[in-house]
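Residue numbering begins at 1 within each chain, and the chains themselves are lettered A, B, C and D in the order written.
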Amino acid sequence: MKDARPLPQYLVQRYQGWKATAHAENKAWFRRLAEEGQRPRTMVISCCDSRVHVSAMFRADGGEFFIHRNIAALVPPYAPDGGNHGTSAAIEYAVTVLKVANLLVVGHSRCGGIKGCHDMCAGLAPELEEKTSFIGRWMDILRPSYDRTEGAATEADRLEAMEKDAVLVSLENLMTFPYVRAAVEAEELALHGLWKDIAEGVVECYDSEAGRFVAI
Amino acid sequence: MKDARPLPQYLVQRYQGWKATAHAENKAWFRRLAEEGQRPRTMVISCCDSRVHVSAMFRADGGEFFIHRNIAALVPPYAPDGGNHGTSAAIEYAVTVLKVANLLVVGHSRCGGIKGCHDMCAGLAPELEEKTSFIGRWMDILRPSYDRTEGAATEADRLEAMEKDAVLVSLENLMTFPYVRAAVEAEELALHGLWKDIAEGVVECYDSEAGRFVAI
Amino acid sequence: MKDARPLPQYLVQRYQGWKATAHAENKAWFRRLAEEGQRPRTMVISCCDSRVHVSAMFRADGGEFFIHRNIAALVPPYAPDGGNHGTSAAIEYAVTVLKVANLLVVGHSRCGGIKGCHDMCAGLAPELEEKTSFIGRWMDILRPSYDRTEGAATEADRLEAMEKDAVLVSLENLMTFPYVRAAVEAEELALHGLWKDIAEGVVECYDSEAGRFVAI
Amino acid sequence: MKDARPLPQYLVQRYQGWKATAHAENKAWFRRLAEEGQRPRTMVISCCDSRVHVSAMFRADGGEFFIHRNIAALVPPYAPDGGNHGTSAAIEYAVTVLKVANLLVVGHSRCGGIKGCHDMCAGLAPELEEKTSFIGRWMDILRPSYDRTEGAATEADRLEAMEKDAVLVSLENLMTFPYVRAAVEAEELALHGLWKDIAEGVVECYDSEAGRFVAI
């Protein structure tokens, strides 16, 4: 692999600082986690967006959260067709191997993936309709949300509605995985749907009785 | 979505503490990031493992890293076949929309995904060969590494060799994405291959001149 | 003291969150508690086990519970022999200085201390018989319970029987403290024996009329 | 045991609320903790005082902290004399069985035990000198601190100095336990000394380089 470059110095320096402080202070724990294996209580499915930082927000340290991050925090439906499904592999590992007790799906405001989906469905982004667009094909998972949010007053409202609906779509798709459904029904796994306003830091949690997201 | 549960109280309390401190201290910045959009310098592809915490290790705060996390930090080859490819969508978004300058692939020791791949290839885990195994099908990406590490003295050596080879496979696969190759060739994007020993906190970076991983 | 280390950063951050929220909201009360002294209504004697969290379970806030926690929530018999008796000191302080009105002894399922006592008495853990084993010498307090539970059908049944009997032994030992007996007889202090199933969260309370533990 | 009373209704009601909410929301995790056993990262030795609530302050949930609480958070010196040493048993269990990675000793302001020790040493509390005084005999562990804080300007200063010195005495005594010393020297265990101002909520951590407590 001739194209790999050395790591930028500012990252090397920060890493060395981390190793001399945070790592040094927790050496024993990290060794035990390495030897005995991880036992995370929680899986988080969150967006790749650089403004969403779930372990900071929930003050989670090494060993607590098993985290999958993809564009828009989406879960595709269960489709054991022999293809390479990274999200589904992460879910299978977390639920069947690690047996996590909680699974959080975390959407957020100003999501670029959701905006792309909106524009694609509105006919404003024909390039996303192309077969070669991985973003477009990934956001296909969310097409139903475009129709389900038709009544929104403004585009901003519709985007927020789609961001929240995406969390529900992912939770619904999670329930199509037989081991997720079985674990939820056996009360061995609890699902949680969250949406974060990245400007104000407000987090809302889906309340299934009220049928809407409510600030925590 | 009737299966969503309220967030456990301990996470709500930790979140409220974060909001009153870390968020409150950075309100202005988070608002700007929301209004003007993210502009991350770096994309990171890392493992879901709860013991690998790249933003802590590199002291990255909101806005710096666009992070995709999947099992074993793998990148599949470029395959614009119309399917839902989450990893490829994240790469396309980071490189073509966000135009990140650096892309880090971060493997690690004691990786459960790599162990699964090893066992599958060694005939020890027939269940991973089944079509319905998302983990197995995801780890298919890494089958060549099993053969390439045949000479290892012990199983532990081979696992570490596979963990490091997986980083190179991912970097090679990245170069099959036309926009990644173009950006690398135009020197607009630099690729970096890392491997972290989770027990000791040592990070090694692939040195393409030396042809091996070297501690940073 | 050259061996003290800085507090891990994740605990510092969580603390700062607590200070900015829970503490800030209760500043006046905590100041009064500091100036006027504590006046807890209840003493709790509970196990050190990380899975037993009595103040959470009874929703107790600062100032309510005076809590002593030791291995297996044991109370040794009254023995004013001039030695360092931490449990007895805590009881003396709670009953004679603070004059608590209630005293709860809280045992629980899957108790490692009780299991150790069982194995020691069954001849399966000779290392616990050694003079240097503090765990063994501490669990000596409970040896009578091993004999008293002989009739149990299975080991699991016997362990649960010992866990519950341990609560009764502790209550009996409490009555050997002259000020405890005097306060109980004057109806200034009520004793309560509890056992918690940590898996299911069921709490049982000893009913002295029925002569057995009953779910509350 | 005829002296056990039913639990007061207000506690029963709070418990039922906890079971229907916090427990119900975490059922799966508590079951796993019960089946697979606890694996706490941290042991805490803290005071029985009702105003000191370490798990709240550090936002720790079930499974995180193994907690021993006694009067003044004291650790006696290693003394394997065959007696019932509850504190030593808890330390032995945490370090040799659970292999915790961190051990926090947490002192605090306005500590009644420390005040008793001060008064006893100053000749103001002859009743604490009696052989039958468990509080006095327990606080004997701290007599050296009275002498070491002679230079304090006021009684309030001296009490605070004794409270902080008590933390150091406990850390020193911890190092007399052979397995504690071995684990510290092998960097498998880190010790931390803390003192909390209960009025203001300020926490100070002993800084062994500076040789004094510093606010975190």
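By definition in this document, a residue touches a chain if its C-beta (ideal position, glycine included) is under 8 Å from a C-beta of that chain, and two chains touch if they have at least 3 such contacts.
Predicted model, so just to flag it, every value in this text is computed and none were measured.
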**Asked** In this assembly, which chains make contact with subunit C and also with subunit D?
**Response** A, B
**Rigid-body rotation angle, subunit D and subunit B, from Cα fit (steps of 5°)** = 120
**Asked** With chain centres set to the mean of the C-alpha atoms, which chain is at the far end from subunit B?
**Response** C
**Pair of chains joined by more contacts [C-beta pairs], A-B or A-D** = A-B
**Whole-Å separation of chain centres (CA-atom averages), subunit A against subunit D** = 40
**Where subunit B and subunit C are represented by their mean Cα positions, the distance between them in whole Å** = 46
**Request:** Compute the distance, rounded to whole Å, between the mean C-alpha positions of subunit A and subunit B.
**Result:** 14
**Request:** Any chance you could list the residues of subunit D touching two or more other chains?
**Result:** 22, 25-27, 31, 59, 61, 63, 102, 190
**Fill in**
Listed in rising order, the residues of subunit B that touch subunit C in the complex are 13-14, 16-18, 20-22, 24
**Item:** Residues of subunit A defined as touching subunit B within the complex
**Value:** 1-8, 11-12, 14-19, 22-23, 27, 30-31, 33-35, 37-38, 40, 48-51, 53, 55-59, 61-71, 74, 76, 80-94, 97, 102, 104, 109-110, 112-113, 131-135, 137-141, 168, 171-172, 175, 184, 190-194, 197-203, 205-208, 216
**Request:** Would you tell me which residues of subunit B are touching subunit D in their complex?
**Result:** 5-6, 8-10, 13-14, 17
**Message:** Can you tell me which positions in subunit D touch subunit A when the two form their complex?
**Reply:** 25-29, 31-32, 36, 39, 41, 59, 63, 99, 101-102, 183, 187-190
**Request:** Would you tell me which residues of subunit D are touching subunit B in their complex?
**Result:** 21-22, 25-26, 59-61
